[in-house]
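Two complexes come next, and they have one chain in common, subunit A, joined by subunit B in the first and subunit C in the second.
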Partner chain A sequence: MSALTLTLKYRPDQRVDMSPLSCQHLLGKEPAEIAALELQSGKCKLRVDQLFSLSGFDTQSLIIKNSFEKLDFIGRDLEEGHITVEGDAGAYLAMGMKSGQITVTGNSGLYAGCEMKNGYLEIIGDTGDFLGGALPGNKIGMKGGLILVKGNAGERVGDHLRRGMILIEGNAGDYCGSRMIAGTIAVMGQTGRYLGYAMRRGTLLLWNPPQLSASFNDCGLHTLAFLPLLFTAFKTLNSKFAENSVAFNRVQRFAGDMAEMGRGEVLVKK
Partner chain B sequence: MLIKLSNGIVYDPAAGVAGQQRDIYIKNGRIIDPPSDTVPDQEYNLHGKVVMSGAIDMHTHIGGGKGNIARILLPEDHRADPVERNSICRSGCGHAMPSTFVTGYRYAEMGYTAGFEPALLPINARQAHMEMGDIPILDKGGYVMLGSDDYLLRLLAAKKDQQAINDYVAWTINAAKAIGVKVVNPGGINAFKFNQRKLDLDEQNSHYGITPREILQVLATAVKAIGVSHPLHVHGCNLGVPGNMQTTLDTIQGIGGLPMHLTHIQFHSYGTEGDFKFSSGAAQIAEAINKNKNITIDVGQILFGQTVTASGDNMRQHANHKHASPNKWVTMDIECDAGCGVVPFKYKDQNFVNALQWAIGLETFLLVDDPWRIFLTTDHPNGAPFTSYPHLIRLLMDRTFRNDVLATIHPEAQRMTTLASIDREYSLNEIAIMTRAGAAKLIGLKDRGHLGSGAWADITVYTDNSNREQMFEKPDFVFKDGQLVVVDGKVVATKWGTTHTVKPDFDPSVEKGLKDYFDRYLTMKLGNFKMSDDEITEDGRGSLTTHPLVGDLA
Partner chain C sequence: MIINGVSIDATFAEAFPMKATRIIITAQNEKWALIAAQSMSGFATSVIACGCEAGIERTLTPEETPDGRPGVAVLFFAMGGKGLAKQLETRAGQCVLTSPTSALFNGIKSDIKIPLGKNLRYFGDGFQIAKVIAGKRYWRIPVMDGEFLTEATAGQVEAVGGGNFLVLAESQPQALAACEAAIDAMRKIPNVIMPFPGGVVRSGSKVGSKYKALNASTNDAFCPTLKGMTHSELPASCESVMEIVIDGLSKQDIDKAMRVGIQAVCELGATSGIQRISAGNYGGKLGPFHFHLQEIMA
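After this line comes the complex of A and B, so read on.
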């Protein structure tokens, strides 16, 4: 079956809420019905075929072509299926995603993978702030699944992260792992200031030495047997994380944030 | 224009009309006597429909800083309940603490035409009035909060005479544009700032040496002396503390026969019996209410589900913060003069304490004999959002339904309540008293809450339905000041209600001491603190209605 392909015809001035196009809402719908769905854009409602030309019919395999940074809420609450975004994605990409897979060839905006429950999100380019975070005011961010970012991530990666893994091949901004409840964040590039700010539990895995605040305690050098197992789990990924050369098991361990529960750890490659 | 509402079954307790077929005529926004010959311009045939005046919520937190703090604290409450705009209504959002416009629409859609904010902090009065000024359709008003303000406590500590207190109270009512006086955890909000974490009725504020009992006495005396109809509105000591029933009984005794309104009494009616050291004191409280005719109460019923508690009682809110659900909370000082605590709450029917709280509220409703002295509230949003009133009315009016719900709550709580043995069912007339006539009388509104000639035409028309929840959540028609605003439970037109106030007299020299105090200690100057009438009316949609004092010729 050929994937349902939506090709953007023009770039609207206002942002577009793409949540009605998550695969679970399209199940069993004919292309004509999908073309007639309405998307909120600013204060207007636009029909899908006003914005996109449609081809293909497999609603569980969606391709969005010519995508740009104002297409928000792509794959919101995705329950199954596969979405490929060719180009950039807007804010709230894969928000609340429950299962399935989303790949973005370009960059994505704020709150990618926000409050994601499960599934796999891959961003080939860069991503904005609050990757895998919680919506403002909410207490629990991403709860499960895997996010892979090949470029750089913005600030507040994994804010209120509860479970799941965030892998970043590039750099992460300030406040990486802030208010983490649990879960794992791995950053191959540089991290910014206030790493692990108010983190309770969870693991930050780093290839480069971070700037740590005074509320993290140095726990010395360790050889950790679980790290090879973790890197083995990355083998199936199409990523630098799968390469043998990046793996390590010798780390310097820091515990914090002592201003919070203090049971989080920062593991830095030695 | 003359409007005739014909053949409705009218409940107008103020006139002793309980379910008789009557015609009602409306002209220029008011109800008039049947005209002799004029033909009505509009006629609604209400044959078989139930007609009451618009309902009045005499205790609902709809204005003031704590509402905005709750809104900021709970964005998820807003995200989960968006309301789209339409050609008549503006957009809004919110379940537990809705936006101002949605508050007005939802109240009107249940047949309510007035709501009174019980915690109008004097120093925040302007903000509260501006916020209530954005609530469409409803009439509104506020009870100004005193009792933990440093100035009053200084007066008491300096042993100033009652006249000085009276002047200060009257001056504050005028400055804040209020219709009554409320006291919250008398002296406790202040004592919290001196590191006291509890304050019993006879316990001294560690700094001023003043007890809550003294504060209640001087304030109740002042309210009576300056002629305010609404009795001192009291949120007592020890809210939510097991065993606080005794505090409440002592408070009733301690007021010495002065008029006093005890608010959300459900939260103040707890005993310490049973395995969990938490039991119902509703029977003893109800007995005391029945005996002491100077006391009125509203219940503050809790209903199960998510809500947020917003209170000036920072002492008790601080103590309750560990129950916050979701786990976030705010306790703060307000401009060095008052306090505030906002704690989100999820009342659960399978939680013993919550289930028993639910039962205690209902026991109180059913054991207090006189519906003129008890009022239907959930202390919105503290016990439940006001949108749950129709459900609450059904619990009161339908014993079978009540017992069905009772059978589903925490089993230990079922054993600790006498609710199943109470047969009483509220009648429509008693509901009309509690939510209309009684409330208007308590607040001192002469031309609201009844359907007599001269009253403003705030009228609600329901279709009689044995399922009282369905009946009360969707009135057929609601008229506000004679204008049809709701049809079939949906807003069809909006207008602006008035702000009810009283203006008691005071000796102008009271400002001398106050000016020094403001200059030395407070965040604003005396001249800015006082609200002028223009601030409410100058936008062209707000208006002020000043009610006569007790003893004045109406």
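After this line comes the complex of A and C, so read on.
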């Protein structure tokens, strides 16, 4: 059965809430029913077939073509299913995702993977601030799953991250790992200022030396046994993280943020 | 049935259901992985008094272990899940956590999980770190040589314990040589251990005792020095009997191990002083798994 393909006909001026098109909401629906679903756009409601031309039948494999940066909430609370976004995605991509897989060929906006519970999110391009973070006012961000960003990430990556893994091939902005509760963030490129700001626990794994605050203490050079396991787990990814040449187990360990609980760690490749 | 002059008794070994797990110990080199494994599986010959039966299944190459270091697979068997969990945790804490450079992993898939490093983490006094990697939870416990890495849980599976056969020989050295040959062959079989010292037990037991406090006592029917004073199973020329006990993850695994073990003994043959192969048969009091020697060797 061919994937259900939604091809954007035009770019609306207002942002569009795509959450009704998460795979679990489409299960068992006929194409005509899907076409009649309404999407909130600004203060208007648009029928799906007003905005998209539809083809294919497999509602558990969704392709969004000609996507652009105002399509928000793609894959919200996704349960199983596979969504491919050809182009850019808006804000709140994969928010609260429970399982399944989302791939974005372009960039994504703010709060991608925020409060995600499980599953796999891959962003080929760049992503905005608060990747895998918590919604404003909430205290717990991403709780599980894996996010892979092949480009760069904005500020506050993994804000309030509770569990799960965020892998960034490019750079991460300021406050990466801020207020982390636990989990792992790996950044191959450069990181900005205030790395791990107020992090409680968790691991920041870096390939390049960071600019660390005074509230991170040097714990020395170490060979850590869990790192080979971590890199072995990356082998299944279509990513630089899967390459043998990027793996290491020798690190400089910094503990912090001592202004908070101080059980977190920044591991820098040596 | 007679193989190479060795008589195979028309009897059967009795075995009983057990709970089992397999763990993998890795270390900087095979020497230290073996030291940890030997320590962890020490004093684990019989559930009668050790709480569990354990043994080294085999050594593992770096390619076979989760962290790419040399390792050892150890099998544990106990009468119940609670006992198994208690023994595993105690032994992991005292023998593997303490052993230099070691790491500890689950070695068997099962939906039933028992704690491995789950509670050992408290040794980290709050400095321990959990990591979920590829769906498995690990604990990193800071220790004086670096970090002790352990998987949080191990799988628990149904298993069979107490498969056995007896080697009746003309002399003690001949019985031991035959058992050594059998053990060498049986160690190549996966999913089984022979938990007694060197794989051989010279003090086979019967169920019950004249002393009420004991639930097992010497198997007098196979004690050569008692030939004239008990209902002996031994011929006049038999001077020594040794037993090999096998625990396995399935009946088929024990079948296989018994076959290669008895075969190895029979290859030495009557000319090496081997007279008979028999088995611990306790009239059905012990367990539901019956291993008929002649069927196994057919």
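Note that in this section the second predicted complex is superposed on the first by the 270 of 270 C-alpha atoms of A that agree within 3 Å, B and C clash if a C-alpha of one lies under 4 Å from a C-alpha of the other, contacts with A are read in each partner's own complex, and residues count from 1 in each chain.
The rule is simple: a residue touches a chain if its C-beta (ideal position, glycine included) is under 8 Å from a C-beta of that chain, and two chains touch if they have at least 3 such contacts.
Being a predicted model, the structure only gives us computed values, none of them experimental.
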Should the superposition on subunit A be reported as showing a clash between subunit B and subunit C, or a fit?
-> fit
Touching A:263, do we find subunit B (first), subunit C (second), both, or neither?
-> second
Partner chain(s) touched by A:230 [first = subunit B, second = subunit C, both, neither] = second
Please determine whether it is subunit B or subunit C that touches the greater number of subunit A residues.
-> C
Touched partner set for A:137, first subunit B, second subunit C, both or neither | first
In the overlay, answer first, second, both or neither for which of subunit B and subunit C A:41 touches.
-> neither
For the overlay built on chain A, what is the smallest gap between any CA atom of subunit B and any CA atom of subunit C, in Å?
-> 21
Footprint overlap on subunit A, comparing subunit B with subunit C | none
How about subunit C: which of its residues touch subunit A in the complex?
-> 66-68, 103, 126-127, 129-134, 138, 140, 146-147, 149
Which residues of subunit B touch subunit A in the complex?
-> 72-76, 79, 326-328
The subunit A residues in contact with subunit B across the complex are 135-139
Report the residues of subunit A in contact with subunit C in the complex, numbered from low to high.
-> 144, 163-164, 182, 184, 201, 203, 222-226, 228-230, 232-233, 263, 265
